[in-house]
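Labels run A, B, C, D and E following the written order; every chain starts at residue 1.
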């Protein structure tokens, strides 16, 4: 056997365990889910069939269809707001904070990562409630006459999400920013660009990989999350994951849960395709 | 368009570290000046001060007689070409080169014409629509040059522009850089730590060491008449022989030599040591020789001081046998006093 | 311990691309061979085939007369020194150098003794406990050498070992490499694309181009008697003058020259063109000169062919005025036929 | 501009830290209603959760699952990265794609797929099932981080070790792993964090032996009490302490 | 030894479980669920032996038995004689003469409210929720059976008549109720919302919601309006296939014993009336007052049982519920 063939065999042996793991615990379950999505519920029994009735129902049943729409709206909103909030924050940390304090500033900016995810959502309920800290403060100092309802609305869900994803995006954008040669900004300035022009024409485009990587992660994690809308949304509208959990928990409708999951997956795949040219998944 | 630059008593301190000590330097309009020195000697710092990226702790920067010490880079008649080129990767070459004009409010047509003309000058007109990552290192360097020159600066500052290129390409780009500078007539201030590069392109070389200017002069001056031991050593290989004054000459390990009496180090470049010359060094044994193409590099042990090895570059066809005893001669001897170091 | 290497009809194809075309090469035991050629010519590929990192598509590798074509690196009597040295950053120098012995099952005491001896040889005994990142580039290079030699290979393979060093250090390490090779007597196969380096250290230079061996011979042979135009050009700068046979000599743009009649290109190195020599080239006008330290690089326009520029490296102090008319002479003329390309 | 920047920084810090601060403050709330007015302070909720057997078990379970699943993901990711970095395997772009794929899929989908498969083969929900799911989500992460940090230099060091006679496992153990230590540590740490805080997979794939996030979820759904705040605060403070220690030791050398 | 129990959240209280665990040296593992459909789904996915006991709404025992999930109980060993007779619900827990479950706790799904913010007189009619006066101050308990039942009552439909046709009639009022309400939430979220002043009225609420918070907010109150209310009665059963039938039975006996009953009645997630009258001797007077021990006879007379839908109606109800959540 040639040296290269031997090398390849050893290389393959090293890759094999991970590949097998992914095959058994990701690909096969996924295939199973695809199969399940073609089945249907007869009374309470799952009956394997091969029809697209679940998908047909998803796109005709107003509740399910609206779920997709709600999820898309929330996710788009969250992603956009988080990028808008995170970019200046990352930029300020990377360029305005003295080098020796940067890591500390970044650490503070992502500190709540280290609370439990469930608790983090729940603590927003404390903050946003009608008698929560914010309303009490605002009405207390007379800025608001009446408390405004935020809790149990889409605004609460979005706030909870934005909180988490602003931190995530700050990380990805910051790490992109500090990898840029300082000479880009210098060169642009040297050629006569104002501060804003430097940012708009040079720095911003150069941070697209960081923005897109963070935005994609935000999109995937946000559109697939059950906890935040469940805790903060007050069941006033249901997202895709909530609908999926509803099928699982209350109705035992695995076929429909699978079909909804595939729709979710398809949406994420589209998002991936749209951003893939900028993605640097190892930038984490 | 070009202007002269005058640095007066420039001193620069970073937190707890003085990077430049009272540097005075004049750069004439249209001159090609090279700042040469080892890593960390303050070349980039000095260039940044001229370009406006740093404000000196003390001293003044005059460009075309105007005091520019506090003026930000965008308002100075200088542009800088960075070592990593800092080409904007998301813009075409044309947009890169036209960027400076765009910032000055030029319309698209105007700046594209100018950009194309600049790209033409550096031989990249055909690639104007490409992105920087589609170019080779040498091509990128030319785009950076075109971009910096497109705004018609009075002074162009270049920080090791050739540092990232391989040797062959580097030598080729040196010639181009020199030719372009001749053509546009702009003053160039070029930083390098490669003395061959410096000699090949400079009108004047400024040798720097530890934040000070050691010597400033033409390549010949600096190479043949170094002012300090540092200058001498940095410009090329050298044989160093201790010398003490002795009547009308000096005493060295090789014996008495008829040179101006002075305490210091006798410096001889390898190509100035050989079988002919004005200064007789006495008998020596040939130890080893290797062929270097244009010359043979030979090591000789003087009989008077067998532990001292003298290196001589002898021309093709003039090489003694290994082990042979020959009379060594030298030309262009220089004695530098210890204090000159 | 050393052995000879014989490469027989080596051909190597990467997917859709032939990197080596029927290379035959013998390397004698104890010889210092340099593979020289431009980037992409197949040097690394050939070295990898000797070292066992690649199996040739065709042909055989014999080391010490044994067929090693299919033997993996760890079982060959070769070791490779990588361009980036590939030192293990988490191990002390001693552990780095002792690594090969450790893999061969040597106990700690044995391998430490050997490692210390090797470090002693390369002058780093005092730093044995340090980590690679605490060393300068040149020191690292020596550690890599010590590590490769510690397992006493028959053949040491070096892929651009000096490529990462700056010029000054590079010249110094060349001397050391050569000296160490002399001392240990192992055959060295050394890859570079720097012809000065090749000439400085090689017993024999193998000039490669596009997957073929152009010429193999001593540095003098290759420099002074190039077999092909490629060889001639790659070994250094050259003036090329077309020549056609004409009775007892050749006709060139400069006129008739008394050389062996042959159709081809007359090659003259710049240092072999000057104001003296065996071969009279006729009158020429000096156009430009720049100072290069050891010599002046001058451009001459022959009066007979004013558009042809001849480059001559003239020694210090022998440079005519710009615009002066002089008689040019040459030494060591070589005529290479077109087909030799 | 400068003032604006600092004001923005402070405002964002306020936004980011607000829920955590409120959480911690109201963990000392004396009444059961975690809303203003604050009528504390009391430590009784802390006493309560420390005495809560189920919670403490969930904490241990979380630690266990996070440690083991991260270790498995790390080893698998390391081996795969070493294999792929070493030779150009046929279809290696596809292999990389397959290994990364789970990273682009919502956890809920991974959980549902595994739940159905385990149901089908008769495997009961358990910590092991959860751990398997966590390896699925963390393997791509570990692989990507390690693969990205295997530069030419790393590859050459591995070749050098082989050239000097090292067997494959010796290359991995003596050269590759120590050289990649910072990336390995970073990957492990990140994987650990993800597993430790993962909810949906653990929720669907466990039954009685639950992980901490699931236990906290049940706490939230089985009675109103600031004990939830206390758990959140403790998790937060302990994690921050760990992060700080790592920051000051392991990652200090890597600089910004 | 372990006992695996599928429960409503009130059985997760350590104060309830620990005495049993100590007495029998076992460990009770609990898994919470909410809503019969969810519980049945969990059993569907399990294998025999996974579960030993289960808590289930008494009216839904039939649905579970029909699918073979429950094991018969020795009726003679159960203290049903000591129970309030109205909540033994023999018709539902006994099928074909075989007892499958025993009731353990009961209460009402009606209106819970904050009397400091709401006119208590308004609460005497369900119609107040549709009057517009409390728009934005209402929460809906997220369990379709009792709330659909209440909406039916408001429309004059008895719970036992809530069939597919009736569902059509209550769609409109259900949707307008949703429009008037602020949130739809589970047990604890409902308690929180009412206790923190997020909402003032909870439809589907009752003593199970207010009693547990009595100490925090004495203004929380509940009533059965004139249209009537729903009686919830949960029962405990042994799961078919259990490998520890004796222990399971011991647990059921413990839960139905006076001590167990008292602890269950006042457990941490929600309070509710014990079915065993003897628990009255264990409970304090204060606790009994909060539970309104003495008013039960009247309440019971005005309450109706949960709807018991067949599979098709159940699906239709869930669809309607999902639609309500989503609008």
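Keep in mind that, in the parts below, a contact is a pair of C-beta atoms (placed from the backbone, for glycine too) under 8 Å apart; a residue touches a chain by one contact, two chains touch by 3 or more.
Remember, it's a predicted structure, so these values are computed and weren't measured experimentally.
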Chains shared as neighbours by chain A and chain C?
B, D
Between C-D and A-D, which chain pair shares more contacting C-beta pairs?
A-D
Provide the C-alpha centroid distance between chain B and chain D, rounded to the nearest whole angstrom.
54
Whole-Å gap separating chain B and chain E, where each centre is the average of the chain's CA atoms
89
Separation of mean Cα positions, chain E and chain A [Å, integer]:
37
Can you list the chain C residues in contact with two or more other chains?
53, 72-73
Quick check: what residues of chain D touch more than one other chain, meaning two or more?
35, 220
Please set out, as single numbers or ranges, the residues of chain A touching at least two other chains.
4, 129, 131, 248
Here the pairs of chains that touch are A-B, A-C, A-D, A-E, B-C, C-D, D-E
Across the complex, what residues on chain E touch chain D?
2, 4, 9, 12-14, 29-32, 34, 45, 47, 50, 186-188, 191-192, 195-196, 212-213, 215-217, 268-269
Give the list of chain A residues in touch with chain C in this complex.
1-4, 6
In the complex of these two chains, what residues of chain D are touching chain A?
1-2, 5-6, 8-9, 12-13, 15-20, 22-23, 26, 34-36, 76-77, 79-80, 82-84, 86-87, 89-90, 95, 98-110, 112-114, 116-117, 120, 132-133, 135-136, 139-141, 143-145, 147-148, 168, 190, 193, 197-200, 204, 212-213, 216-217, 220, 228-229, 231-232, 235-236, 239-240, 243, 247, 256
What part of chain C is in contact with chain B in the complex they form?
166-167, 171, 178, 194-196, 199-201, 218-220, 223-224, 235-236, 269-272, 290-295, 313, 315-317, 331-332
Can you check the complex and tell me which residues of chain D touch chain E?
31-33, 35, 52-54, 119, 122, 124, 207-208, 218, 220-225
